[in-house]
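Each of the two complexes below includes chain A, the first together with chain B, the second together with chain C.
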Partner chain A sequence: MPALTDSRIYKWVDERFKINDLVDYLSQKGVPQHRHYIFYYFGGISLFLFIVQVITGILLLMYYRPGADTAYESVQFIVANVSFGWLIRALHSWSANLMVFAVFVHMFSVYFTSAYRKPRELTWLTGMGLLGLALAFGFSGYLLPWNELAFFATRVGTGMAGALPVIGDDILIVMRGGEEVTGATIGRFFGLHVAILPGLFTVLLAAHLVFIQRQGMSEPLGWQNTTAAGRKMEKFFPNFLLKDLLVWLIVLNVLAVLAVFFPDGIGAVHWPLGVKADPFAPPPEVIRPEWYFMFAFQALKLLPAHVGFVEGELFGIMVFGLGGLVWTLVPFLDRKSHTGEINRLFYAFGWLVLAFILVMTVMGYFWE
Partner chain B sequence: MIRSKHLALLLGLLALSPLVFGQEDNCVTCHREFEDEQTGPSHMFVRDIHAQKGLGCADCHGGDTAAEDMEDVRRAKNYRGVPTHRQVPDFCARCHSDPAYMHEHNPSLPTDQLDKYKSSVHGQRMFRERDAKVADCISCHSVHEIGSGLMPHSSTHPLNLPQTCGKCHADAEYMAEYGIPTTQLDDYRQSVHGIALLERHDLGAPACNDCHGNHGAAPPGVTSLAAVCGNCHVLEAGLFKGSPHQEAFSQNDLPMCESCHSNHLIVETSDIMVGSAEPAVCVQCHEPDDGNAGLQTAMSISTAIKELRLAQEEAGKILAEAGAKGMMITDEEFLYKEVNQALIQARTQVHAFNADSVMAKTTEGLTKAETVQTNAASLIDEYYFRRKGLGLATVFITILAVALYLKIRRLEKNQ
Partner chain C sequence: MNQQKSTRRKFLEIVLGGGALATLGSILYPVIKFITPPAAAEADPSQLKLDFSRQDLIDEPKKARYFKYGKDLGIILLTGAGELKAMAATCTHLDCTVQHRPDLGIIWCSCHNGKYDLDGKNISGPPPKPLAAYKVKEVGDAIFVSREEA
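== the complex of A and B ==
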């Protein structure tokens, strides 16, 4: 079979756009092969799921109508009356949850392999920014169907922001568009979800991808100290790219099965439309945030009313803020790993954070 | 319940505090020394509505509350002491029939209780026949622990009222000389009304007084029975009045609702009550060879309702299946509710005893039930279509993935 580069179409394009230069550049790039190689795919999986999000989000946008009187009804219409509307909503919701999961796996794999070390500090920072935006996507999208669960979960979520000292009240008013969660809140969350966040996400994603392409895949710690024979590399183009594509196809298949068999989600990951939000109705017995916010929600719930002279909830938010700051600045705080040695202090910190998230999440679902 | 008792006790104690702690009223001080803590009037009175309204012993019994000796109390000019059975109605009415006095304490309470009582069977036996056993005020309201009908501990609270009436009316020995049945309480407890009130605690369900009246208690006669039931069952009563049965029942002195539904033992209605054979109630009066169209109409009504009920059940089954498969059935559920509504309306129309008016409703219900069935069946088809579609898509994606995998392997081999 003739190579792709010999085909007439390739030559036609190359004659006009000089893509040979790009192919040569990509061919020279290598992907280190080692026992943690599989984690390289999670960045690509996150990207693929984001693309699914964009496509399904645009399709939903054609029928969704923000507003207290129209949001719930329009989602109901999408699910019940629009051809394949149920599938689009299910794909959007499943890919959102899987994307957050993939992003978390990607982040922890980068952290535990110290891939954030010099010279990839900015790649880590943009990645953290993308994680923050992904969570903001989840939080803002949760309210949009304007159903009972979304309404009360948003009231609790925005209420937490209101617990911040000095600026808390102002933040709450800005987030809600008033003192209570109303139709004005949908307007704000909708604008955030479909315009502001995608804009910021695209910029950060572009920077993240450019950094990766310029710097290549991170090599494992101590790689430079091994012999050339021990440093096995794989061509980025076409080998890794084709494997990436294969993984995308597998993820697409998984996504399709989940969307068709569980269009409303399953277990802790579920989004049934349920009943329309009624601000005057009593809140449901159990109000739970989405699974990726559960650890924070549970930890805040466990805190006493006061820690010293500080309110418990405020104390928790401050600790989370400080922890998040340390996590974000880790490339600058960890000065040992860029010499090729593992920093045991930060390694232990990473495991502590992971264990905390897992334990709190499990407690949130199974411990009353 | 416990909380409300405590609240009543507290309010009573507060109301009694001037009596208990003040030096003027010695009734409570003395009576508490020798009366039983559970049944003694001075102890019970703290829970009494009168105590809560600020009244004391002397407001009913008279006497000098400042007196320290019982003889001095009795010597006071306004001393009324303990009324006899026959004196009780006037004893209570001294205040309760005085609009000006009642206005100061409870303006919303009527003041015609004595007049109504005199018109009741109880009152007539009391005053005309000097019956010493018939119920007076305290027989129903208790004494020294009287509560408003809204208070859960009160003997006149709806949940307690059947038992209050049954105290006499369910006592066969006590009622023997009156020659009336004593099964009413047991019947009521098994009735649809009794189950709603006493088991489900549905305060909207009628207790004894809702049909018989309270102070003017009397059994509803043949002519007023439809009006009594029609108080709540307005539509049924209206349809009955326009039906051919209205005149027939009047001519034969038959009680209207009771003839088919009984009185105290009113069980939940069912479709088998209408028809041309047992256990339908129609055959209690109509006979197969009576030469009129009564049983023919009953048969037509029964068939029409049965047809709608079966269609409704079938629609419900298919709809539940579609829902269980995760399909969006909101619109169909609304329509299904309309089918249920049509069935309820058709059952109500039975009281017009006109097959055409029943069929108008059943036809409407059948059309909607059919739509629900068709739509639900389409949703189930859609469910299987989705799975077939998924199967095809999965096969296609898998072929692509396998092809890609083979390509990668060949590429790696050639390198």
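== the complex of A and C ==
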């Protein structure tokens, strides 16, 4: 097979843009082979699912109409009348959930392998930014169908922001576009979901990917101290790339099977359209946030009305805020792992956080 | 031996290429169907009672009014002889909306100077076909229009 670099098109482009340097540089990229190798796939899986979100999101935009009188009706029209409308909505919802899951796996694997350590501090920071945006995508998208479930989940979610001291009330009014969750809230969440968040996400994602290309794949802790024979590398182009594409194909198939057989989701991960939001109706018996917000929701429920002299709700939000801050700043706080040795304190902290999230999530679903 | 290797490679290329095409096709097919909007569910009424009377047409400076018939736009006009005529208001040339010109005694499309007589027959300019006529029935003050049988 002739090499790509021999083709006339390649030469035409190289003559004008001097891409030879870049191709040379990228062709040297390698992937370290070790027992946690499988976790290298999860960033790519998150990226693939994001691409699915962009495509299905653009398609849904062709029929979705924001507003209290049209949002629910247009989603109903999409799933009932538009050809494959049910499939596109199912793909968008499934892909959103799988993306959050893949992002969490990606984040924890980076954390536990201390891959955030010098020189990858900024890759970690942009990653945390992307996580925040992904959660904001999930929260804002949840309201858009304007059904009963969405309405109450949004009331509770925005109400939490309202519990913040001093600025809480102002934030609440800006988020809701008024005192209450109304059609004005849909307008805001819609603008956020389809314009502001995608713009920010694209910029951060570009930075995240450029950093990774520039620095290469992260190596396991203590890699530099092992013998050369122990440092097995695999070529990124084409070996790892082809494996990556194969994984994407598998994910696409999993996604398709889930969307076709469970268009409304399964169990705790579900999004039936249900009945239209009615601000004057009583809330349904069980109000649950999406599964990835469940641990926070459950932890806040467990807090007493007052902790010391602060309100329980506020105390919880402050603890989460502090925890999130430590988590985000971990590349700067952990000054040991870049020497090649594990930092036991932060390692233990990671397991504590993971255990807390798992226990709270399970409790949220199974404990009265 | 070499021959065998090359047919094996050929076979794999066909399987891979075919698989890629099938995957692409199964993605593009639903996408193309999705972006094709479903047919509008607007009913085609067998007859329509207009919400204005002959007097309203007399009061119009252009002696004509438009009405919505299903998803189509129609025009009803009062001729100099006091006769009511109704027809499709969409120009057969490029879908502009036609208007009554009582001063010239014609139906005129301002977009490309197309002209029809008062029966909707194209008489001058670019329109290739006449405007489809509607039947008009007056019962007391009420005006009913219906599609003319083909």
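Some observations on this one:
To be clear about the criterion, the second predicted complex is superposed on the first by the 345 of 368 C-alpha atoms of A that agree within 3 Å, B and C clash if a C-alpha of one lies under 4 Å from a C-alpha of the other, contacts with A are read in each partner's own complex, and residues count from 1 in each chain.
As a working rule, a contact is a pair of C-beta atoms (placed from the backbone, for glycine too) under 8 Å apart; a residue touches a chain by one contact, two chains touch by 3 or more.
All of these numbers come straight from a predicted model, not from anything done at the bench.
Of the two partner chains placed by superposition, only chain B is touched by A:V257; chain C is not.
In the superposition on chain A, A:V79 makes contact with chain B only, while chain C stays out of contact range.
In the superposition on chain A, no contact is made by A:A161 with either chain B or chain C.
Contact with chain C, but none with chain B, is seen for A:I88 once the two complexes are overlaid on the shared chain.
Judged by the touch definition given at the top, the superposed model places A:M62 against chain C, while chain B stays out of reach.
When the shared chain is aligned, no partner comes close enough to touch A:V105: not chain B, not chain C. Once chain A of one complex is fitted onto chain A of the other, the partner contacts of A:L249 extend to both chain B and chain C.
Taken together, the two structures place residues 87, 249, 252 of chain A in contact with chain B in one case and with chain C in the other.
Those residues of chain A that touch chain B in the complex are listed here as 76, 79-80, 86-87, 235, 238-239, 242-243, 245-246, 249-250, 252-253, 256-257, 260, 262-264, 273.
The touching residues of chain B, counted against chain A in their complex, run 326, 328, 330-331, 386-387, 389-390, 393-394, 397-398, 400-401, 404-405, 407-408, 411-412, 415. The residues of chain C lying in touch with chain A in their complex are 23, 30-31, 33-38, 41. Every residue of chain A that touches chain C in the complex is listed here, in rising order: 55, 59, 62-63, 81-85, 87-88, 249, 252.
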